[in-house]
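When the chains are written out, they are named A, B, C and D in that same order, and each has its own residue count from 1.
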Amino acid sequence: MIDVTIVVNGETRRASVPPETTLLKLLRENFALTGAKLGCDVGDCGACTVIVDGMAVNSCLMLAGQVNGRNVTTIEGLATRDRLHPIQKAFEDTGALQCGFCGPGAIMATKALFDENSDPNVKDIRDALSGSLCRCTGYTKMIEAVQEAARVLRSESRNSSHTRELKVTAP
Amino acid sequence: MKAFGYVAAKDVGHAVALLGEYGARAKLLAGGTDLLVELKFAAHGPEIIIDISRVDELKDISISDEGLRIGALVTHTEIIRSPIIGNLFPALADAAHSIGAAQTRNLGTLGGNLITCVPSMDSGPTLMALDAQVTSASRSGLSQVPLADLFVAPRKTSLQSDELLTGIIIPKANFAKPAAFQKFGLRKGQALALVNAAAAFWIDQDKDSFVQPRIALGAVAPTVIRAPRAEAFLEGKAITDEVMAEAGRIAATEAKPISDFRASADYRRDLVAVLTKRALQSAYARASNKVRESVP
Amino acid sequence: MKRRGRGVACMWYPIGFTVDANPSAATVKVNEDGTATVLTGTVETGQGSLTVLGQIAAEALGIATDDVHVVSADTDTTPMDTGAIASRTTYVTGNAIWLAAEAAKAILFETAAPMLGVKASQLEAKDRKIQVKNYPQRAVAIGEVAHRSQVVLGQPAIGSASWNPPTVAMDPETGQGKPFATYVYATQIAEVDVDDETGEVEILRICAAHDCGTAINPMLVEGQVEGGISMGVGMALQEEMLFDANGRHVNPNLTNYIMPTSLDMPQIEVDIVQGYDPTGPFGAKGVGEPTAVPTAAAILNAVHDAVGVRITSLPATSERILTAIKAKRAGERKQIPA
Amino acid sequence: MNDDTKVLEREQLDLAETLRRSDVDLRLPAVVPREPFPIEPLTVDARQQTHAVGQRATRLDGRLHGLGQTKYIDDLSFPGMLYARIKRAGIASARIKRIDTSAAEAIPGVMAVLTGSEIPVNSFGPTFQDQPVLADPIVRHAGDGVAAVAAVTEQIANEALEKIVVEYEPLPAVLDPVAAMREDSPKVHAPNSNIYASKVVRKGDIEKGFAESDRIFEARFSTQMIEHVSLEPHAAIADWDANGRLTIWATIGRITLARADMARTLKLPMSRIRIIGTIVGGNFGGKNEISQEPALALLSKKTGRPVKGVFTRNEEFTSTTTRHPIIMDYKTGVTKEGRILARQIRLVLDGGAYCSWSATTLGKACILSPGPYKIDNLVAEAFVVYTNKTMTGAMRGFGAPQVCFAYESQMDDIAKALGKDPLEIRLLNAFDEGSPSPTGQVLHSVVIKESLRKAADRFGWEPRS
């Protein structure tokens, strides 16, 4: 067994797990954070995407030991006490998710995109979503949702006194 | 996954010591994008995983007297975002961008990609076309060999079981050498290369001809290979579309592709001709743009 | 070089099972405050069927989608339903829910008639009220009526109903018969670039015009069309399960089974064809499956238009297309007299 | 800790509060539109409109999807729950001579092992009950299950699978559907013929139609085997309680049929079975019948504990239904103006190892194969045959995408040969309101021509000379 201590969604969590435990399993089984999904277990589908130290990763492809001491944000860490995250709201409003299974991964991939690029064009968005396979939507409304969320976030960062939880850094 | 032990290496010295201790019984974990997939399907796990993902000395991109050094643990995303690489070798960034998707590029490392030694790796051809050297460390010290010598056979490198790949060096002589990378896959996102190709050459500005041309091909032989006959054909030739197309045709005869469920050998040869030509054209266009930009 | 082409394909597609009974039953309960609960045995598998079914119940009761809660998919508590198959949910389950809502509404009308001093047949449910037709000033809140029905008159406004699409068996010799109650129609047009050196197809855009009768929820209809097209793209160019000579799977994983990513999908422009089917709930038919039907044909017709080769075997991988282009060129060379 | 997480820590997510406040934020007061349906979106919140039909109402499950709070099967767990895995044959055609599970059962943490002989009625299927829950003794495709294990962890269950020893007597396999139609072909379900269903639609006089045609076009088209690739794999939890009542949470789009199949395979009265369909992470026809559920139920009965089974992505390909490959021969006679006078069609569907929804697919493919066109003389025949491959079944379109590929490809070939615009030739032949269908049905609410014109307008389709 190995001991891991990670900061998940701002909260320090500890667990003692077998070394072969993946980050995905650690989140789902040890920390009861079931938002990240297991869709293929080999990094093809992206349903398990979470953000580790600011970077979107396939949590099925990381060992728990690898994230020891690092900072992890999952889909459960996006909404605040006050409101849905603008990405979540845009995905809801545009009907960007159908069965929803790829949703948490696609939303986290979008979050990572915005952290790097607050004004992505359609090509950037397609590139950022290419690691999140979706069988329901043809990605069309998902791309609309990302554009909509980007607009909202940019206008919020212009009126930054109203911005609560999200920091959008220029590329 | 089968059970295994786990130890995190603190630095290169520690990693080398651990490798010396465990040798073939250990597996190195860098980005993990290939290793974890392998472990999930493996009948037997390794005795121990040596996690080198925290070894910061292997994460640098820097310029020294020797040339450009890229640490083995530099991720594909870091290559894409590096201003130094973007300036000197945009083809390397293109190759890195063609790998997997954002999630895997954020995890996967240059060293990890090279060490898989699969013929379709996307990091190999451009580096080989730029005469890159690989550096490694073991208990017996440091060593440096041409990248081509690293690749022995599919999934087999020349590294010993106690040897750690530490990075690559692109010689200073090749700085800003015009180069381009081309890849063809079965789809645009998350594509595995059916064929990839890289070209690099200097341009004799007076004659507008090829100088020291290099062509490297992936997924068409047991390892990434050079196309020496196509290179010899180009040397000194005036740069024309017909010459570049002919070089592609020659390169196609040098490829030794296999037929598999992804594509036939014939089709891969066709792609070698096209991608080689396009890599040459693209490198030339890139060089011409640069010249134009530099003219006030 | 890249050669551009365009291709059209149209299709027809039936709603519901082939001849066989595929009924749905439903229960609609109007609560004392005028909101409603719907019980259905169908399952939400991503299409948005529960949302659409809620809208149908809401429309029938003159209340809003948010006023309706849909309980689904539990054999202990929800009524029989043939399920999420054959593009039948909106049409068949929708009709059952509409009928159940009408039954519940009839109870409300009976209660409201004396409250408003008119006959039940003169009432309608609208804007969360039970009101006199063509005289909306005379109205009483639906909640007030529902409360009175249940608490004063002891007649809770609950309706149950079932529906099965009418069909006529097919003659075994000739196949003549009425296998389905209704059909939908659609056209898709694809624009592509084909690289004549590699055979690679880039789909630039797909325009899709789909009939679904009344679109109960246009946003969800568009979502179905866009998703169906992505399956059509995969079928046209990429996807294939492969077996070796011994019948073992060659590519049973998402690394080697190639399906479209966001980078492989074109711009999609969806139009909903104005339609109304009197046999469907509020004129609706269905839309789930037909969205995936014409896409491959449209794409392959566009490839034909671009480079003049007819691919007859799917998927039209870049290799198959290049092989066909080379064969066509060889044929053309042969035809030139020496 | 960076700034983001500090903020997050300060504002620890309180779900109820989030939703309450966001409701207040997001929902606008009701506004009643005057327009009749269907109407375009007028207001921010379509869910509050009392003309509910025609509104772009957001999905009622959309918010939970976005928050990662939708509970799919794999997100559920129960006290004492075990994890099941199924051993797959990995051989396309064989007789099982012996299964030795003793080494697997000896592994600490393995709670139960199940083989086909223990299943009360080891067959199911929506049309023909020809599919076993676990093969016994004949394996008909490489993805057939041969044994199931329940263990305290998935890792132990996987280890147990490797310890199960199965001895096979290999049998000849047939993979090609045309070869499978021959009398001397190996029989997938011996002694029955491999051709397990057929359908025919006939109308008018096909010979006369061809005789009157100016041009006749013939072509063969074929399509491939396709997997649904729902992002959520097939998953279920079975709980056989002490009252002898079975509860199944499952990714199934048809709970009524699922209950009937469970009652049959387990010989249980329906009143003792409860099927709960959770929100399913994609179906597309792939989740319209049971798969592992009877095995999970019996493992739960054996152990007295709830048992969860989630297919691997590999099993999604090898052991669930797929789309039928179809070989399609089309012969079409037309006038020089391009009007279709006669069409003869022959379809051979690769049915895989079990029937599943093949009979339905066969019927729909056959009826739809002439296309949405007025054709007076036609013959369409369709056959579905067993092969030793993954079973083909329901998938979005039930054979329609395949035949549409054929009839619309040939339509363009006809247009090109006659020098007609592809749009024009379709408008010439397409159904009108009241047209008879290939089965003689009088069609109503027909808008095929409207759809052709609308798509053409959107695209900007101009006839080319």
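Quick notes on this structure:
One rule holds in what follows: a contact is a pair of C-beta atoms (placed from the backbone, for glycine too) under 8 Å apart; a residue touches a chain by one contact, two chains touch by 3 or more.
Remember, predicted model here, so these are calculated numbers, not experimental data.
A summary of chain positions shows that the Cα centroid lying nearest the centre of all protein Cα atoms is that of chain D.
Here the two chains linked by the largest count of contacting C-beta pairs are C-D.
Distance from the centre of subunit B peaks at C, each centre being the average of the chain's Cα atoms.
Averaged C-alpha coordinates put the centre of subunit A at 30 Å from the centre of subunit D. Centres computed as Cα averages put subunit A at a distance of 30 Å from subunit C.
Centroid to centroid, with C-alpha atoms defining each point, subunit B and subunit D lie 42 Å apart.
Subunit C has residues 45-46, 48, 219-220, 228, 231, 251, 253-255, 259-263 in contact with two or more other chains.
Among the residues of subunit B, those in touch with two or more other chains are 1, 3, 101, 188-190. Counting only residues that touch two or more partner chains, subunit A has 20, 40-42, 44-45, 95, 98-100, 126-127, 130-136.
Subunit B meets subunit A in the complex at residues 1-6, 8, 29, 32-33, 36-37, 39-40, 45, 49, 51, 53, 77, 100-104, 106-107, 188-190. For subunit C in complex with subunit A, the touching residues are 45-48, 219-220, 222-223, 226-231, 233, 253-255, 259-263, 265, 268. The touching residues of subunit A, counted against subunit D in their complex, run 7, 9-11, 20, 28, 34-42, 44-45, 47, 54, 71, 73-84, 87-89, 91-93, 95, 97-104, 107, 133-136, 164-167.
Here subunit B touches subunit C in the complex through residues 101, 184, 186-190, 192, 261-264, 267, 270-271, 274, going by the rule given at the top. Per the touch definition, subunit A reaches subunit C in the complex via residues 40, 42, 44-45, 94-95, 98-100, 125-127, 129-143.
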